[in-house]
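Multiple structures are listed underneath, in structure tokens.
Two complexes come next, and they have one chain in common, subunit A, joined by subunit B in the first and subunit C in the second.
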Partner chain A sequence: MRRLINRRPDVAIGFGLMLLPFVAVIIAYMVASDARLSVNPNDKLLPGWSTIAAAIERMAFLPDQRTGTYLLLEDTISSLTRLGIGVAVATVIGGIFGILQGLIPYFRSTFNAFTSVLSMIPPLAVLPILFIVFGLGELAKVVLVAVGIAPFIIRDLALRTEEIPHEEIIKAQTLGASTWQIIVRIVVPQMLPRLIDGVRLSLGAAWLFLIAAEAIASDSGLGYRIFLMRRYLAMDVILPYVAWITFLAFALDLALRLFQRVAFRWMYRGN
Partner chain B sequence: MTVENVWKIYGDQTVLENISLEIEPGSFIALVGPSGCGKSTFLRMMLGDEAPSKGRILLDGVELDAEPSPDRGVVFQKYSVFPHLTAVQNVMLGLEFAKSPVLGRLFGKAKREAKAEALEMLKSVGLAHAVNKYPSELSGGMQQRLAIAQALVKKPKILLLDEPFGALDPGIRAEVHEILLRLWREEGMTVFMVTHDLSEAFKLATRVIAFDRVRTRPEELKAYGATVTFDLKVDGKTVPPRPQPAPVLAAAAQ
Partner chain C sequence: MKRFSALLLSSMLLSTAAQAQDSFKVCWSIYAGWMPWAYGAESGIVKKWADKYDINIELVQFNDYIEGINQFTAGAYDGVMATNMDALAIPSAGGVDSTILLICDYSDGNDVIILKGKDKLEDIKGQKVNLVELSVSHYTLARGLESVGMSEKDVTVVNTSDADMIAAYATPDVTAMVTWNPMAAEILQQEGAYNVFDSTKLPGEIQDSLVVNTQTLKDNPAFAKAMTGIWYETMALMSGDDEAAKEAKTAMGVASGTDLEGYEAQLAATEMFYKPEDYIKFTEGNLGELTTFVTSFLFDHGLLGQAATSPGYIGIELADGTIVGDENNVLLRYTTEYAKMAAEGKL
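This part shows the complex of A and B:
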């Protein structure tokens, strides 16, 4: 009998094992839903498939009776816009500050402690301040996403920049490079794929801040809709929305990973 | 190059003490010694990566800058080439830095000229077949040849080598030795190589310098550093070597 750590599933079994927990959760849901519905056909907590399908049709494929728009589409567009702008701002700030902090000792001395302290502030604790300062409109939500993830991206990238072998920086100087030339030809090209990694890791937090901001003060967005529906115990809408948000997050992550593979081939050649 | 009474002290630990050397231009110096005797520290001071605690290092009678500069090329044991650039881009880099201060990149005619020069350099280290490969696709010996080509494209007065062939197989090592010796004669530069392989030192160098600690009692280890214990001219080698008009360079000049 070989040790458990040395036994590996083949491809087919591996695929089956991967599906197993998903299938188990779905079956558990169906059993529980059936049990509750058989006692009370109007139960709202665990709606059956037909109720969920009807809710999906109502939210995604039929125009809303009051506004005439497709709610799921509208919510998705406004949420992704906020998330996209917030993440883009945080990426630019994180890229610039992270690289300078990792490479230039004077810059590091000035900002290292400051960004460390900033990153310890719980972003949601600042949310009231953002609403007071920027109002309840789009700006406060975008700023929350950006403020929430920028410190992480800065610190991550600063560490990655410091990990560039000292030999490379010395070599560049013996080739006559100035600080600026080292940044544009040596550091930035090597740090862009790391920056994408940092953004991927912070996307989960970005969604968290977005949904929190939408839940508190908004008139559209995926987070707004879930928290609105909570008042009516409308699990038939909330469950598909959660699944949709999960899918969007997964797709964003996959897109970034594919972009990284295509754009930075040197990282994947030969190893 | 002149080294005058150089000391290197970290805190209360003396690493090198009272090193004085006179190095003739065009010589090939091998610096040997046991691990931890400060030979790499000495190389870093020559490079400008670190400053001597006491004493001076002069190049052509002028004290060295306290930072690396293009008159001193370097090849380390690893991380000497840039992983995100192909072989030819790695070699072009030094030319691009010189001519393009803002973008660090050349375009059009200037780029074609730099590329031609880089390709010539790659050919002379035997990498003509691998110009578009990334360093991760090259073997260890090829990476070190690339690092040499990248350094030499700047025509440095001094080439500093920090255990450059330590990680290579013996066969590959002999091959790179031949390339290095040929380039040294062609370019007429001074080569300064740190190695812990004595046979390599005597095979390549015109002069072998050994660093070691003279005082080795435990209570003396901190207060006393290593210094020059042997300084041998290797017989049968001309110092400085006469740069021969190599056919490759003559052809390039025309």
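This part shows the complex of A and C:
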């Protein structure tokens, strides 16, 4: 049937269509940037490619004049360390609480309402409390990331745990499995790949919290640099940083997906 | 897409291609020396002067001071309340020729270096210092360290949002801080907080000004006249001893989140230019020398742009026409033309 929903682009056209919106954005940028630069050659809002290239060279490939370090590298390492620890902590907490909350009625009665309420609190609004409890150093930033995404991971995993067919749990019990054995042999193996899904979905929020934390008090990091540069409208530095963060986020997501494919091959059997 | 980019373009170009216009937008943010603008808008003084010159003036409050300056630089606003330092580092360094139409005040104690448990500036050595990096706080720190023979190498600067200064001070690992009023006053009330250096030692260096686009100013003298008129009328109103002055200052205090008493405490650390003569006299002093302190700080921190080869890379035209720095790259100007009209009652 030649209905629109049945017509598919071939590989080449599909690839071209994929590029189209990106190219359109780049062209729109170039037109607007040219227009502004022709009025004011020093315009900082939409810098030209050569200015951006010079900024990339300065930030990524030349040691900083004041400190002698490579700023982009240093910022990337600090940010990824904070993000990594924060997400890891949230994953462990989310994994444990999510499974227990999904499986054990007493645990659910105790914590279900609490985590639901907790996940509704905007962490950025209670930042001063986090500062006073955890200080202004690295700990507070890691905690903000962890606190920001853990409730989501817990709730997501609890729901997935509840979705495990009840027959499986009954069957294990008729075979004499204890609660501990059911958790370790039935629930955890099925939930680990779901946990990775949950982490993947919360990565965007994790970046948001990381950058917010770095904007508030910091001496290095990708978010720190962006907010510092914003003070004098250095879009030539900010735009490459945004592209770099986007790339890192994309790469992390891809890495988790590949890990899931390799580590939990059974999930992909049959399709 | 084409239409979209054309739309985007026209909206962006609209404000940069300045011509005679009858509607003007000026942005301001909360600060002791700028609250009179808010009062002027609220009490009808702004409308009165705008009507007199048959134009529209809209004063827009920005919660984020820097965002206001960025918007001005991008061309979305015709004027902005900014310090001379930020005017130089953002619009001027961004190629936008800007004019200081009038200086509202200079910081006379509003910017403070605070140490926890230590009472001498020398004790700051080796400490982590929380401040808004590249702001006037950073400048105050650099000048303070200079005054005791130290430099920024002797401390570690930690960029901290101004909104979180008071909470930050309450944490045990924060021991040194540079911030401004009203946060500084609040922090100094706590036990063990010492004011070890403040801007009373830097008279006239941190000027809080009304900065306008030079081209807009040239094309629209009425805008400059109206703004000048608004300012000095409000100043005359608030500097008196009568009930009206009290009422105006109370309103300004409330609008900035405090009360009459709190606002007067802030004014005490602010040298207001109540009369046009105050501003004119100030520009006839050592203004040229004062600007070189600011330009060398900006140059040291790479804030004059990557192309800058010396602190004088951006030329600054003083009110009498003399130029400090590069004559071929004048991007910041002081003018007393309109203040003089105000002084002579010709507005």
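Definition applied: the second predicted complex is superposed on the first by the 270 of 271 C-alpha atoms of A that agree within 3 Å, B and C clash if a C-alpha of one lies under 4 Å from a C-alpha of the other, contacts with A are read in each partner's own complex, and residues count from 1 in each chain.
Methods note: a residue touches a chain if its C-beta (ideal position, glycine included) is under 8 Å from a C-beta of that chain, and two chains touch if they have at least 3 such contacts.
All figures in this text were calculated on a predicted structure; none of them were measured in a lab.
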item	value
Simultaneous placement of subunit C and subunit B on subunit A, clash or fit	fit
Subunit B versus subunit C as contact partner of A:Leu208, first or second or both or neither	neither
First (subunit B), second (subunit C), both or neither touched by A:Ile104	neither
Contacts of A:Arg185 with subunit B and subunit C, given as first, second, both or neither	first
Contacts of A:Gln173 with subunit B and subunit C, given as first, second, both or neither	first
Which of subunit B and subunit C A:Val126 touches, first, second, both or neither	neither
Touch count on subunit A, higher of subunit B and subunit C	C
Partner chain(s) touched by A:Leu80 [first = subunit B, second = subunit C, both, neither]	neither
Contacts of A:Pro165 with subunit B and subunit C, given as first, second, both or neither	first
Touched partner set for A:Ile52, first subunit B, second subunit C, both or neither	neither
Touched partner set for A:Val89, first subunit B, second subunit C, both or neither	neither
Minimal inter-chain CA distance - subunit C and subunit B, angstrom	45
Shared contact residues on subunit A - subunit B and subunit C	none
Interfacial residue positions of subunit A with respect to subunit C in the complex	24, 27-28, 31-32, 35-36, 39-45, 54-55, 58, 65, 127-128, 131-132, 135-137, 215-219, 224, 227-228, 230-233
Touching residues (chain side subunit B, partner subunit A) in the complex	47, 49, 67-70, 72-74, 76, 78-85, 93-94, 96-98, 101-105, 133-134, 136-138, 147, 150-151, 154, 156
Subunit C to subunit A touching residues, read off their complex	1, 4-5, 8-9, 12-13, 16-17, 66, 70, 73-74, 89-90, 93-96, 130, 133-135, 156-161, 164, 167-168, 170-174, 302-303, 305-306
Subunit A residues within the subunit B interface of the complex	165, 167-168, 170-178, 180-181, 184-186, 189-190, 264, 266-267, 269-271
